[in-house]
Every structure is written in structure tokens, then in C-alpha cells.
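Both complexes shown next keep chain A, but they swap its partner, so chain B is in the first and chain C is in the second.
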Partner chain A sequence: MSARTTLRALPTLLRVAFAEAVAYRAEMLIWVLSTTMPLVNMVLWIAVARDAPVGRFTEADFVGYFLATFAVRQLATSWAAWLINWEVKQGTLAMRLMRPISPLWAYGMESVANFPLRLVVAVPVILLSVALVGAKAVPQHAWQWGFFVLALVGGWAIAFLANVAIGALCFFLESSERVLEVWLVLFFVCSGYMYPVELLPPTLRTLIDWLPFRYQIGLPVEMLTGAFGWEESVRLLLAQWAWVAGLGAVAAVVWTQGVKRFAAFGG
Partner chain B sequence: MISVRGLRKHYKVHKRPPGLKAALRSLVHRSYTTVKAVDGISFDIRPGERVGFLGPNGAGKTTTLKVLSGLLHPSEGEVSVDGHVPQKREEAFLKKIMLVMGQKQQLLWDLPPAETFELNRAIYDVPQAQYKKTMSDLIELLEIGDLIGKPTRQLSLGERMKCELAAALIHQPRVLFLDEPTIGLDVAMQATMRTFIKEYNEKYGATLILTSHYMDDVAALCPRVIVIDKGLLSYDGGLDALVQRVRPEKRVVLRLSEEVDASRLGPLGRVVTHEPGRAVLQVQQEAVNATITRALSTLPVMDLTVENAPLEEVMSELFAESKARRAEASEPVPA
Partner chain C sequence: MLKRYLRLLGIQLKASGLLSLQYRADFFTDGVTSLFWTFTALAPLFVVYGERPNIEGWNFGEALLVVGWFTLLQGVLEGAINPSLTGVVEHIRKGTLDFVLLKPADAQFLVSTQRFQPWRAFNVLTGVGLFIYAFSWLGRWPSVPGLLASVLLLGTSTLLLYSLWILTVSAAFFVVRVDNLTYLFSSIFDFARWPSNVFQGVGRGVLTWVFTFVIPLALMTTFPAEAMLGRLPPQSLVGAVVGAGLFAWGSRQVWLRSISRYTSASS
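Up next, the complex of A and B:
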């Protein structure tokens, strides 16, 4: 579909996807309950830091970090891989492929359309963080807010594009849900979701800096909690968006080649 | 409009016997078999034609439709639809066609059909004025005015199918692929759908390709049929000519004012059914006049009609013939 026609269709795609998100609001709230791991980790790390700070993290810093992690997790997420697997297995992808717009736009809009409902959960958590930790729980300067938003969008893009690439592997494998599970395990360990990555030894930290996971969650959280100065922020944002570009290219290739193998089973 | 030359679609399918042993063996040694869903078919379809694809389950009808609509890439052969190569899935091509599958839906399940209509308007870039006019026509013809505001999940199957058809026609496709569009619908709803589809074809000059197991759909909509069996094209021509070829005999249907003994019917032709007040005889075409004359003079006939054999019977006879021919061809030649 031409860029102009796609751009004209996107607001309607987004509006209809939002109507769907509202219809599934109860399901979304249940999903929120399944993402409370940062709150559990917060309690554990507060206990660890009771007697002395861990690295630069005091008890208050851990509260700020994990509440920010919980809030970012609500937004920088995608479930496109499950959806693609389901639609390929059931053959229902055929109906999406008949339309003159890539199904990837629809998957993307369906994810973005959930933002308003997810903000209803995320914003109060950030306000709670400010109440508990003070002003340092959020950026102090306008540029930090700008970088945070950029990092958050980048985090969502990494989650979405990785989901598309993994989901599209099901055109080649019978199912790619196990691949997604491996990705999620690495995500939990390497993203800063369970602990701040800066607490890791330098060698491991270097390794994690070269992987995409920390740029999905850890970086937006660090941007929200003002962990970096201008220069370090720019360096990390460039690394994050390099991953967005790389994953975008991989997702496009796997999807395009995969669709050629689509067997459209089931009627 | 549509040109198909030597179309083949073969699938490589993993095959293993049931059981744990076979499952474990398949971990190290996977065996594959090639399924020839479509195995070298050629045909042309003119603009505005209504063509029925017929064939038993697994014959290759739906596969052919999916290749024509660009969903599947052919293994071999050339396919052209209104000047486009379907598998390239160009925007201009996708805006000209629509595939309606009776067993798949595009309506958003938890939202009213009106939302899907609006979504399709945006995706197909239909101007607002044209959209309003088309919707107004579709709502009137399909009588869906009361339905489009209800969540799709609360609609009956027939109501949903009418809304599916409306959603498919918002951009006024020039080629309409219909795969079992009346499956599961009651008789009245099937008739409504057939009437609507025929009207759409006549009003917009759209080319229509239909697959259906309901022979009434085919008889009502398709002057031409293409019979596909085991991936091969076994007939392409008029429906009447097909019936004449496979089952040239006629059916003489008699309504009788009183019960008659079977022995009085036997001499007239082969008795297909015989029940109180009604009998159906099968006779050679050239003997129809003589049979009618004799029936009127020897039986208490109230009413009489002459019909072709039901299409279902014609088709099952055709498929049985093909199966027998295949079996004969695969038999080993005696030494």
C-alpha cells in the first residue's frame, strides 16, 4: 500500500483498535496483574539494601526503579508473536492478507491502541513513586523527559519488532511460541526487569549492552529515573535505535519471506 | 479477465504413523510426502462471468481460489487476474478483488459490523460519498439495517454472513471469489444470498468464481462450471452440457390422484422413487414423449413434470467415474 494511503488509513485503524481494546479491558487488567514481578523484586531489593546501599541504590532508589519498571512494562510490550502464531495456525491470517495494507500495521496499531488504557495504570504508579521517593523519581529537565519518551517508544518498537520477527518464524517452523519463550527468559534476565543492569559485573554489563533486551525496559526506566547525563543518554539512545533499525530489517525480511510460505490452511 | 496456464500447487507434508514409537522416530528421521493439491490446470474466465468450481473435498478448488486471490504462491504455471500476477499482491490488485470464505470471517468479533465497514472504507481508501451510497445500497439489499450496530458475536450465522458479504463489497471488487459462502445457512438465507450475489454480478459486471457443496448455489448462479478432481481439471463448460454428458436420462415426476401398484410403473421406466401419490421415473431422453403419453393413458396422473437428474447425483456419478478411471490406470499391467 502506498505511504499516503497507509497514513490516511492509520487513524481509523487506531480508532477501531482502541474500540477493541476497550471491549477487552477486563482481559487487559488481568494482564496487568501478571506483570507485578517488579513489585515483588522491589520488596526483595529493599530488604537487601536495608543495612547499606547496593551500588548506588538505596532503599528509596529501589522503590523508584521498580515502580518505574512496572510502569514502563505496561507500555513497552507487545504480544504480536502469539497473535501471528494463532492466525497462521488457524488460517485467519488469510483475511488480513486480502487487504491492501500490511497486517503488520494492524498488529502495530492494535498494540498502540492499548496505550491509553495502560496509561491509566502506569501514570498513577509513577505518581506514587514521586510521592514515595520524591522528585528524583522522574526527570528533572525537559530534555530528560524528551529522552525518556524517545526511549519508551524505542523500547516498545524493540518489543514489537522482535515479536513480529519471532512470530513470523512460525511460517518456517510449525510454531514459534517456544522461540518466544526463550526470548522472554533472556528478556527477564538481561533487560533490567529483575534488577538494575548496572549492578552486574563489568564483563556481563558489556555483554548486556550489546544485546537488545536492556533497551526494551532498562533504558526507559533509567531515563525516567534520571540515571544518565546528556552524553551517556545520547549514546544509549543511539544504540537503542540501532537495535530498532536492525530488528526492523530482520522482521521485514522474515515476514516477507514467511508470507510466501503461508499455506492458508483451514478452509 | 482471468487466465490460468499449467497451474500447479504442490505441498511438502510431514507424514508419520500414529504412536509414541513413530513420534520418537520422527525426531531423528522425518519423512515427507508431496501433496499435489493442483496438478496442472488451465482455463480462462471472461469479465462478468459467473463460474462454479466443483469437486469433492480435497479436489483443489479452494487451493485454486487462494492462488487466484494471491494468498498462495503457485509451485508452477502462470496466473493472471485482470492483468495482475496475484502473488505479487500489488495494491491495485488487492483493491480489485475480494475473497469471501464461509468458514472465515473478517468482521471484528466483539465490535458491531459498522466498525469493520468503517475500517474497510479507510483501508480501501473509498471516498466518503461513494461509501455512503454503497452502504445504503448494501443495507437495503441485504436488509441489515438493524444488525450493523449490534456486536458481531450476538448475530446469528446468517446475519453474520450477510454482514460479511457487505464488508467484502464496500470497495466494489471487480472480481469476487466466493468459497462456500452459504455453508451452514438455512434454505431461506441461502436463497437470499444467491439472489444478492447474482444482483451484484449483474449490477457491477463483476466476475464471480464460486465454490460450494450446495448444488443449488451452483445451479442458481453459475452457467459455467469447472470441475476439478484430485488437482486435475476434468470438465470445463456449461452446466446443462455437463448434466447431459453424465446423466442424459430425464426424470418424469408424476403426481397421482390415487395409489398405484409398482407393477404399473415398471413398464414406463426405471422407478427412482415411489410413494403414495407420487412417483419418479428415469427414462431415456428419446423415450420421454412416449413415456408421458403412456403414463397419461394408463395412470391417474394429476400433474407431471420432466426434470434433469439432481445435480448432486450427477456430480457423484462424475466423481465415481473419475475414481474408477484412476484406479484402472494405477492397476498393474498383467505380464
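Up next, the complex of A and C:
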């Protein structure tokens, strides 16, 4: 499994995964439509901000923030943990392990191949946000766009690596779906998915700055809506990529240790 | 006739109960996860009411009642409605619905009672806990007529929820791949977690109208909470009961229409 074979296989994996994504496009659309949480919370915050702004957020800012959250959530997401749990339970992981390339690449490509279709949803939402909120819904400078892309890639990496780590726990626990649920709850509460994290009291905010969740959704959203200056952005991006590296190491260790324990059932 | 169906219901309940008793540990794991998820409904409330004492005429304790009803109904949904109706989708896909249709009892009754998951109903307890917390926060207790009205509304809410579900499942006869329609349903139900007055500001009240008359979410959580507070106008109570009856009748007609289109998958 040299780096060269892996590299050579990637385009094919990507093509297969993209064909699959196109084949199941209706299913994906339903998943997209089920992302109502940002909208549910947007409605609440609009009502709150009707009379006077909350912090630096006016009604329009909340619309911009939550539409950006909706768009970012389409891209910075992964469902590898479910997949791993399911394939281990069914024993179909054995098929993947026989291939001369780590299954993790296949899981990763599956997620990446969904990007074009998900962009078809995310881009119009951003355009809608610009139409409703005005030009301040998107970055004004080129460097901010660059930082946004970097933050978005980082957000996706955090989602994917955490999913792999949690999914691989099922080699030890039989099923790690409960662990995933706990992770998801923390994600909902700490990531800026339900409210901008800057509205939290300072002590909580410090805690959240040390946790990975806000770097998955909150940071890309804040980069898109231009919440920070240059220095603060660099600091947060560094923190984000430190988490990417950390979670990458954890995922690699849990996966390699776990997969040794795998015994396929049936044939 | 009625006696026969009651006996049937008893048998179905007993079968599900025995099955659940085999997985007693689920009571704790489901309970803990349910408490965790409740936290995602509460966290935005804490943040919002940290900023404002009152939103659209609802203070913290009153809004908590709505979250309580939301949680309670989620328990009803996950414990009594979801398990059966997910089973229907499976029946349709595999073609085993034939066996249900052959039995000498009403098909809708049989499929709706085929599976209960009592442990999943832990949310009902969490909901009741939230009521107690909310009223102790408010520093008063609900009046007796208010409580009676809210119990009546619990019936109508359950009926509405069930009818909406029947409508969703009827869609399975047309599109088959409906298992993620269930997610879509739960995510639309997420809008029921705030008092419906919150929606007034969005689209000049169109959203309030939709959530009262088209997808009657307001009837399910806001009305019972108002009844508990003793401020639900009597005509709304009557409207809710009549409306739920009409809705159930309509969904029954759709179900009958859909099942006549069922073609077995096997032969």
C-alpha cells in the first residue's frame, strides 16, 4: 500500500463515489431538507432581535449567520461513523479490507464526491443571504475568502476525522452509535450551530474555544460573515488546524488498533 | 367490534412489552441519551433568555413549558408511533405487507400497533420533569380546568402527530425509499419547540398560519402549554379538537387511497 498506488487509486474512487452521489441525489435532497435546525433557531433569534440588536447582531445579521450555518453544514459534515458501524456489523468491511488501499480513503472520497452536489444547494443559499442581508453577508476582501476556504476545509476535516475515530470505537464497543450521539449533542450545543458562540458568557466561551466543535461549523461561518480581523482569524485558524492534526492522530491510532480486532461474520 | 380491537391492542402491547423486557439495559442508555438530547432544546433557551427577559410575550418559564410539551410528544413519537410506522416502510419495501393485509382486522390498526418501544418513551418523563421545573420557576401551579384542558390537548396532539405520520407513510407507497423521510419529519417537528408566537415576524405571519393550519405544529405544543397557563381561549380548544378530528379523518382517507395502490413486491 505505497503512497503511489493510493494516489493512483484516488481519481477512480472519486469517480465511483460521484456516480453514486448522482444516483442517490433524491435521497441527498431529503437529507438537505432535513437540515432545519439553523432555520428553527434563525426564527427564534429574529424574534429576539426585533426590538433591539443582541450584542453586535441585528435581525439581518442573524439571517446572514444562520443561512451561512445552513450552507456550511452541507459541506462540513460526515457520516463515516454510521457507515463504519454498519459495515462492521454487517461484516461487509471485510470486502473493503481486501482491497490494497485503506478503507478510510474510500470513506473520505465518498464525502468529497458529494461536494459538487452539495454546492448546488449551498451556493444559492449564500446568494439568497446576499440578497436578503446585502454585501456584508460575504467577505469583502480576497484574504477573507481564502481564510473562509481554509476554515471550511478544516471544518470538514474535523467532522470526518472525529467520525472515523468514533466509528472505529465500534471495534472495541460492538456499537459506538451512543458515543456518536453524545458527540452530536455536544456538537449541537457547542459548535455555533444553534446560536453564535460569541453570545455565550465569557467563561463558557473560553471553554468552547478549547473544544473542537466550534471549529467545525462556527469558525467557517464567522469567516464567511467576516466576524474577525486578520490577527484573530489567524489565531483561530491555527487552533482549528491544531485540532485537525490532533484528531487525525487519534483517528489513525484508534483505527489501526481497532481494525486488528475485526473479525467478519458470515461470508 | 370495539372490544375485539381493544383485545388486539392488548396482545400487541404485551408482545412489545415482553420484547422490551429482554433489553432492560436500554432503559438506562435510552434514558441518558434522551436527557442529553433534551439539553439541545434547552441550551438555546438559556442563551436567549440570558439576553432578554421576555420574547413575544413568553417568559423563560412559559417557554420552558412549550419545550416540555415538545419533549413529551417526542417521547410519544419515538415510543409509540415511530417504531410501528418504520416497520410499515420495511413491509412495503420487502413486500411483506401482504401478510398484514390478509389478516381479518383493519390494516391501519394492525400496522400502527405492531411495535412499541417503551424505553424510548423516557422523554415523556423528561417532559413531565420540565413541567415541574417550569411551574416552580413561575412560582405557581396550573389550575384544574387548565390541566384538564391540557390533558385533552395531549390527546389531540397525539392524534395529530399520528395522522401526520400516516400521511408520511402513505408517501412510501409512491416513493418506497422513505426511511429518510422519517428524518425529514422529525426535523420539521423541530419547529414545534418554540412558542408559535415567535414565528409571527417571519414573512408577515405566513409561517404562523402554515404551522397552525397546514402542518399544525402550534396546536401540538403551544396550545397545551397555553392551556396549562390557563390562557387558552375556549374557542381555540374547540378548534383544536375539531381540527384534529378533521385532520385524522383526512389522513385516514389518504391512507385508504394509498393502500389501494399497493402492489406486492414479490410477485
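As a working rule, the second predicted complex is superposed on the first by the 267 of 267 C-alpha atoms of A that agree within 3 Å, B and C clash if a C-alpha of one lies under 4 Å from a C-alpha of the other, contacts with A are read in each partner's own complex, and residues count from 1 in each chain.
FYI, contacts are C-beta pairs under 8 Å (C-beta built on N, C-alpha and C of every residue); 3 or more make two chains touch, one makes a residue touch a chain.
As the structure is a computational prediction, the values presented were derived from the model and not from experiment.
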Partner chain in contact with A:Phe66 - chain B first, chain C second, else both or neither: neither
Partner chain(s) touched by A:Val40 [first = chain B, second = chain C, both, neither]: second
Which of chain B and chain C A:Phe148 touches, first, second, both or neither: neither
Touching partner for A:Trp241 - first (chain B), second (chain C), both, neither: neither
Which superposed partner A:Ala23 touches (first chain B, second chain C, both, neither): first
Touched partner set for A:Gly91, first chain B, second chain C, both or neither: first
First, second, both or neither for A:Trp255, with chain B first and chain C second: neither
Partner chain in contact with A:Ala9 - chain B first, chain C second, else both or neither: first
Touched partner set for A:Trp156, first chain B, second chain C, both or neither: neither
Residue ranges of chain B touching chain A (in the complex, touch as defined): 11, 62, 66, 69-73, 87, 89, 91, 94-95, 97-99, 101-106, 108, 110-111, 115-116, 118-125, 179-180
For the chain A and chain C complex, residues of the former touching the latter: 26-27, 30-31, 33-37, 40-41, 43-48, 50, 54-55, 178, 181-182, 185, 188-189, 194-195, 199-201
Touch list for chain A against partner chain B, complex: 1-2, 5, 8-9, 11-13, 16, 19-20, 23-24, 91-92, 94-95, 97-101, 260, 262-264, 266-267
Touch list for chain C against partner chain A, complex: 29, 33, 36-37, 39-40, 43-44, 47-48, 50-52, 55-56, 177, 180-181, 183-184, 186-188, 190-191, 193-194, 197-202, 207
